[in-house]
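What follows is a set of structures for review.
The two complexes that follow have chain A in common; it is paired with chain B in the first and with chain C in the second.
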Partner chain A sequence: MMSNQILFAILLLAPFVGFMFNGIRWKSHNATLAGVVATFAVFVSFVCSLLLVSQLFGANAVPSVGTRFFEWMNVGGLQVQAGFVIDHISAIMVLVVTGVGTLIHMFSIGYMSHDERPSKYFAYLNFFLFNMLLLILGENLLLMFVGWEGVGLCSYLLIGFWFTDSEKAAAGMKAFITNRIGDAGFLLGIFTLFFLFGTVNFSEIIARLPAGGIEMGWTGPMTVACLFLFVGATGKSAQIPLYVWLPDAMAGPTPVSALIHAATMVTAGVYMIVRLNPLFLMAPNALHVVAVVGAATAFFAATIGLTQWDIKKILAYSTVSQLGYMFLACGVGAFGAGLFHVMTHAFFKALMFLGSGSVIHAMHEEQDVRKMGGLRKYLPITHATFFIGWLAIIGIPPFAGFFSKDEILWQTASSPLGHKALWVVGVLTAGITSFYMTRLMCLTFWGKSRVPKETHPHEAPPVMWIPLAVLAVLSTVGGWIGIPKVMLGGEDNWLERWFHHVIAPVPEALGHAVHSHALEWAAMGVSLSFAVIMACLAYTFYVSNPSLPGRLAQKFHGTYRLIYNKYFVDEFYFARIINPLIDASKGLWAYVDVNFIDRTTYVLGDVVRGVGSTAKSFQTGNLQQYAMYIAVGLAVTMFLILR
Partner chain B sequence: MLLSVITLLPLAFALVMLVLPEKVIRPVALLLAVVEFAVSLLLLTSFDKASPAIQLVEQIPWVPEMGISYFLGIDGLSLWLVILTTFLTPIVVLGSWTAIDNRIKGFHAALFVLQTSMIGSFLAMDAVLFYVFFELSLVPMYFMVGIWGGQRRIYATVKFFIYTMAGSLMMLLAIIYLMFACRDTFGQMSASLLDFYRLKIPFVAGEFLNPQTLLFFAFSLAFAIKVPMFPVHTWLPDAHVEAPTPGSVILAGVMLKMGSYGFLRFVLPMFAEASQYYAWLFLFLGVVGIIYGALVAMVQPDIKKLIAYSSVSHMGYVMIGLFSLNMYGVSGSLYQMLNHGISTGALFLLIGMIYERTHNREIAKYGGLAKALPIYTIIFIIVTMSSIAVPMTNGFIGEFMILLGTFEASRPFAIAAVTGVVLGAVYMLWMVKRVFFGPAGELVRDEHHPLHDLNARELTVMAPLVVLIFWMGLNPNFFLDYSKASLDHFVKNRDNYRLAVSPAQPKLENVAVRGEAQ
Partner chain C sequence: MPINPEAWKVGLDHYLYLSSLLFIFGMLGVLMRRNVIVILMCIELMLNAVNISFIAFSRYAESTNGQVMVFFVMTIAAAEAAVGLALAVTVFKKFKEVNIRFFEHLKG
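What follows is the complex of A and B.
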């Protein structure tokens, strides 16, 4: 056990040491040293995670490994340990985060080589990883919350990394504040659970769930707790109505977008729900909300993705949309599928973000896809890897995205918590995804080159393309652990066996799942062929017949404008919430503080002064007057006594 | 002896200041303040943290006829507040090294008198003695703002003085009433808090004109003004803006806590029924304070005023924690008092440092400071994180416990209070964005006066604060353990609150005194 404690300590502290190392020498311009140290730190964490996770395998497999370092807080009934645990759920996350994290750190060495402050960048990146590990490995809600806010802080710092640009600083602030709205909900969720179960520890909460006590209404404590927690998830994982920060977060350096805003941090909300899956299964109404919000977000974000011109913005909306799929999975009780998609998405989306980074790097910081095209020629490796990412995200077998997305869609259709309408939305979204991703491929890599003459795109150095290649491999094979039952002849796949103990099945009381191989094959066929058709359509639009999209946009001018401007959600928030709040605050200050309270006190002051001067006039120093006061006083007293 | 030494040593220091030549005042003052801090740390070794009793008691009859005595004692409620005071004083001395450049003799003398009065307020176990210290603190603060303050300092001092005095007078009347009530109940007058706790003061729910309700409101008004609670907070922004940096640090860091401490020591245990009955009112005003303070802070054009209003918001948290009347809330409030002393003190120091460089505090004239002053920025952002209660800083522990306690006491109020978590981030980060990020602003661009980053002295001033921010955030148990027994006793027995004296003393000389008097 002792050795596990040491492993956990190294696992957590390696990125922290990297953070300190680079933080202290933050002025240094030596990107290579900073980057190598930071990458190595994360790699150490990855190795430690592997060693710890390996104990969950084999003949002597244990259900979980954990350790406790010290007692963090102890007040009344609240005892919080600084304890960490790796079980079958956190194992997947920790490997993805440290593994993909290592690759992205490595990529950054090349990407940030010309930056003014590479050490500071790597310090932040390592600190982010430290917080992410706290979030994933913490054995209780409070430690998760520590990591949860910590990653938000790092995200804030990294989005605003080039802070001399006002817009980028504003994007960082927007991210932090929007996340804080979610965090407030998260806090309320923690409170509700604490007073319900008397603990904030995950395993204790799950152990204390009432057997068969499913809450059917809306106001039960577990439902309320789950809804509060989901508010937290909508903040961190960019779901409706709090998704607005994520597209702006693309202001940060591109590897940051890959690591934080695609592969790891934004999936924290999904992870939290999966972590607490037995609790959420007690609150089916909360799950319905999760599913509907997830499906709606998936669809809306995908439609916005159709019209954007900024390569990173397209990927950002795609991330929001894919996160929606993950919540849809959780909402229909397919937590395993949700986490599966977290993993495959981490592979292919990190791949595509890094690929876009490679493109942006090659294009000298140009992000507008209208100025690209035909880049396949100049960036063969980037194109090849991006191509695999594209196959994965649009769900072409046998690439990773196919398996996780198919699993989610089938569960949406078949689960007792699912619904046909949700399935339809899911399939439509898959089609739109296929369309806009193909559009991205066409505009960036295929077709005629629109690259300005003065730009000479060049392929990335090995330190940048090796991570791309590794991620491309993972995006290919990563899905094979979750091959659908129907393809395996009815046998459970590896993933299902892995999650067997930690992910609860949907309770019988909520209904029965549909079991029909024919239906499953049919559903798969529908969504796959729809995706392929949409991809071909996009190819015709943007390569074969490039004038067509413009004419369509002209024809459906209103709709296009609405979608292109992201449904004016930001504008709505500003006009209806933020600006009125600022005006109201100015009003409060001017009218309540300055005009009302202060005026009132001045009036009171005047009254006191008035009374004082009246009283003063009695004290004339005239003896006869005093004698009269005494006489009057005596008379009154006598009257009162003798009455 | 220890408590008297801690209380009165600064008074002696003040006299030393008056006889020393100007040249050596600063180093000597710093040395003496550090000595005082070191002496106060002895409390941690002599204090028995397992006992809820008041400890290290000293009692000397003062006006025996009226049961007034020089009565000092310490328990888990006051321990950290005393140490906070002694901790902040050397920081303030070092922090005002260059900011205060005239009449430094008088300034340091005033500072030490202020220190005595603040420590005395926290240690006094006799109501009259408490009142004396409580009022005494006004005098040096009055001079500090009035002499070393900004342009509208006279307006601000008068407002500050009158507000506080108005409240204190009510409290004085209430104290006198309680002393007579002691005579009626126990046959002898007493101003000892221990006797006040034993009084049974009649309470009629729902009616205003009964002794407990009136006394409750009399004390509450005095302390609420000091805290300050919405709507009696308007003296604070003016006082802060006009006060010199050290004055602001002491004012926000310690003096406001005299108000919240007053609730903890007097109002909640003495008027248990009234405070239970009217808890909703204070929860309500506290929540209004949190939100109102945050909103008004958000639109302030002056950095210092912004921080001043953030104090209103933060102290709103302290109040709802206290009136949640459970272990989580009250512990959180006590913790938040310390946090606020550290983080707001640090913010005022930082603002003072930049003000010394630019002589301007208007947010709109800044911008891009992060590039010009990177070290300053790092420290400012760390303190900001503490102020907005990001985990791993002290602020989180306090805010979390307060909200947890409030949630147990009243969910609607907790849900309303949680909005403060968001608004706090809004006003602080918006300010940080405008001051530190973006292109260089008017004051930062100024070619003739290039700004210099923090020097060694300024770093020395900030370092202990930054260390505490993380220490209190990462290992709260160290601090909570000293207060746990007292807080537990407080929460469980508030309806019938008694404080034992440790080591046990023969009960009051008053018995003998009374024999003589008759």
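What follows is the complex of A and C.
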């Protein structure tokens, strides 16, 4: 349809135009103009995506809307269209990305108002949105890969946005290089899929899956392809072993952390797996890997979150942990639940990051929670919205996080691909999450004020608190589309009906799901009460009895040190991977380069110079000598002719 | 022994020998002498050696083409001598001598 094509074009190009506008005038210091243009560009995208998504609803609902602009590549067997599609999966992502994106752009207008290079910032932000839309809407893996690389680039640029601080520049590089490893895996996965199916188009790959051909082994081609794709996902979505870049990525401006490193880009890996869900269901072993890695990441990141003092680091580890939940959901075959958590997490984590941004702004760039406390008095709106985010993340009904997290935990327990041990880890993680989030609330907003006397915290301007308020509302109601079946009296919820066509059920060959209302209620009760107990415990620790945590840390000194230093993973990587690589490179330089490559070029240079100096002696500027050469040449020629 | 008049007749090859001899003298002069005026004269000598062969061939082939060529060579020789002498005069004015080595300064 023609009008759809135009809508898609506007949807994709609006952020790009914003990027060009701000990119061309990147030296400008006018934060308001840059911010308003950028925000408007994303808002236009949001409206277009609303118009397109609305076609999936109603009496004349279509299964998907798509358009193809041109043929991008046609090389041998590889045919790639520049085509974009909105179906039930990408619809949720595109609305979240453009919607939350608009709010975060708006927040940035206030947050970056005193920055030196606001135009550059908004140009990067818009360019990020453009690439994210390519990633989400692309109808084939190659377009997704273009977006995948593009968001990686923007992430690098924005983490290192304050590049004059070498630590922040290094954080950007760390993110970029770590992602590179994942991207290599992703690319190998694309190659394997192309080799298997002869196409990179999502719907064609899914259509060409062998019927009932579930691979039980580890070395089947589809299992290998899925594992490669999952390596890509661990890089982009910060899972073990490649999660190390995300906490460091907090060096960027806080709205960037909210948009890129919490709400959108880092969920790309989950989105990719959900997109290819029928393929992953063909490879149950790959799904087991996904589930175990997800659960392990959720747990370890949550424990690290317990000990951090930087408000953004706590949120970063929380993000890694929540992403682990999403992969756990995908790994047990509950792709719908995974995407549901992507959505609710985007709401409440963006809310918390923006809230922390508001706090940092109010505290004049102070991020250490030990120097906060009692901020509720000074920042009532930020506190109120953060409070809702806190309720949502620790899973208190009826806030959004409860429904998605509960769905994941129940699916982990009941799905044929799930396992009781994974459920236990999930519940423990939920408890730890509840503990460290309450700790964050206590240290920041409640208890006694530890704010230095010279700092005077002030509430954010409306341009900053309005996005907070909107996100708070979304964090409250966002979960209602996925109310569990047992609460609705056995009726399918809206989300299940929405995903009915696009998310395949777990094949019966892999076993049957557990159906027991009593068990479901019990599981819900256990995880909820555990979370509440942990929250109360944290409140006792950090408000009622603030000396207790220090004493505990003293008592379990070794464990505390291990966790506080993030299990020494960075140190381990440096000692076992990075430094050996650097040493090997130095060795190659000192031996191979100097002895062979350099020497070859030196010898070649000497030969050329020798020939040159011989030739130079012929060219003296002496006319008679030149005439002599001519005469000799003539004589030789005559001799040769007359011989 | 009777004199064979045919053997004493001047033929094409005699002209060519003369021409080559003059050309080689001229060339040696150009290569060896240091005085620019002499070098210019030697160049004239070479050109005129060539003229002799042109005329000889023209006569031999009973065609006037060679003679026409000679006029061109003479014209060009005159022009060349004018330019060469002008250069020589300029160099003489500057260095009070017309040695060929001063012409190196022309390379700028």
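Everything that follows uses one rule, which is that the second predicted complex is superposed on the first by the 595 of 643 C-alpha atoms of A that agree within 3 Å, B and C clash if a C-alpha of one lies under 4 Å from a C-alpha of the other, contacts with A are read in each partner's own complex, and residues count from 1 in each chain.
Simple rule for what comes next: contacts are C-beta pairs under 8 Å (C-beta built on N, C-alpha and C of every residue); 3 or more make two chains touch, one makes a residue touch a chain.
Model, not experiment: these values are computed from the prediction.
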(message) For A:A384, using the defined touch cut-off, is the partner it touches chain B, chain C, both, or neither? Pick first, second, both or neither.
(response) neither
(message) For A:I396, using the defined touch cut-off, is the partner it touches chain B, chain C, both, or neither? Pick first, second, both or neither.
(response) neither
(message) Is A:N622 touching anything from chain B or chain C once the two structures are fitted on A? First, second, both or neither.
(response) second
(message) Going by the contact rule set out at the top, does A:A631 touch chain B (first), chain C (second), both, or neither?
(response) second
(request) Go through the superposed model and pick first if A:M173 touches only chain B, second if only chain C, both, or neither. (result) first
(message) I'd like to check the shared interface: which positions of chain A are touched by both chain B and chain C across the two complexes?
(response) none
(request) Write out the stretch or stretches of chain A touching chain C in their complex. (result) 621-624, 627-628, 631
(message) For the complex, give me every residue of chain A touching chain B.
(response) 70-78, 142, 145-146, 149-150, 153, 156, 160, 163-166, 169-170, 172-173, 176-177, 180-181, 183-184, 187-188, 191-192, 194-195, 581-582, 584-586, 588-589, 592-593, 597-598, 601, 605
(request) Could you pull out which chain B residues touch chain A in their complex? (result) 162-163, 231-232, 234, 237, 292, 295-296, 298-300, 326-328, 331-332, 368, 370-371, 385, 390-392, 396-397, 400-401, 403-404, 407-408, 414-415, 418-419, 421-422, 425-426, 429-430, 432-433, 436-439, 474-477, 480, 484, 488
(request) Going by the contact rule at the top, pick out the chain C residues touching chain A in the complex. (result) 27, 30-32, 100-101, 103-104, 107
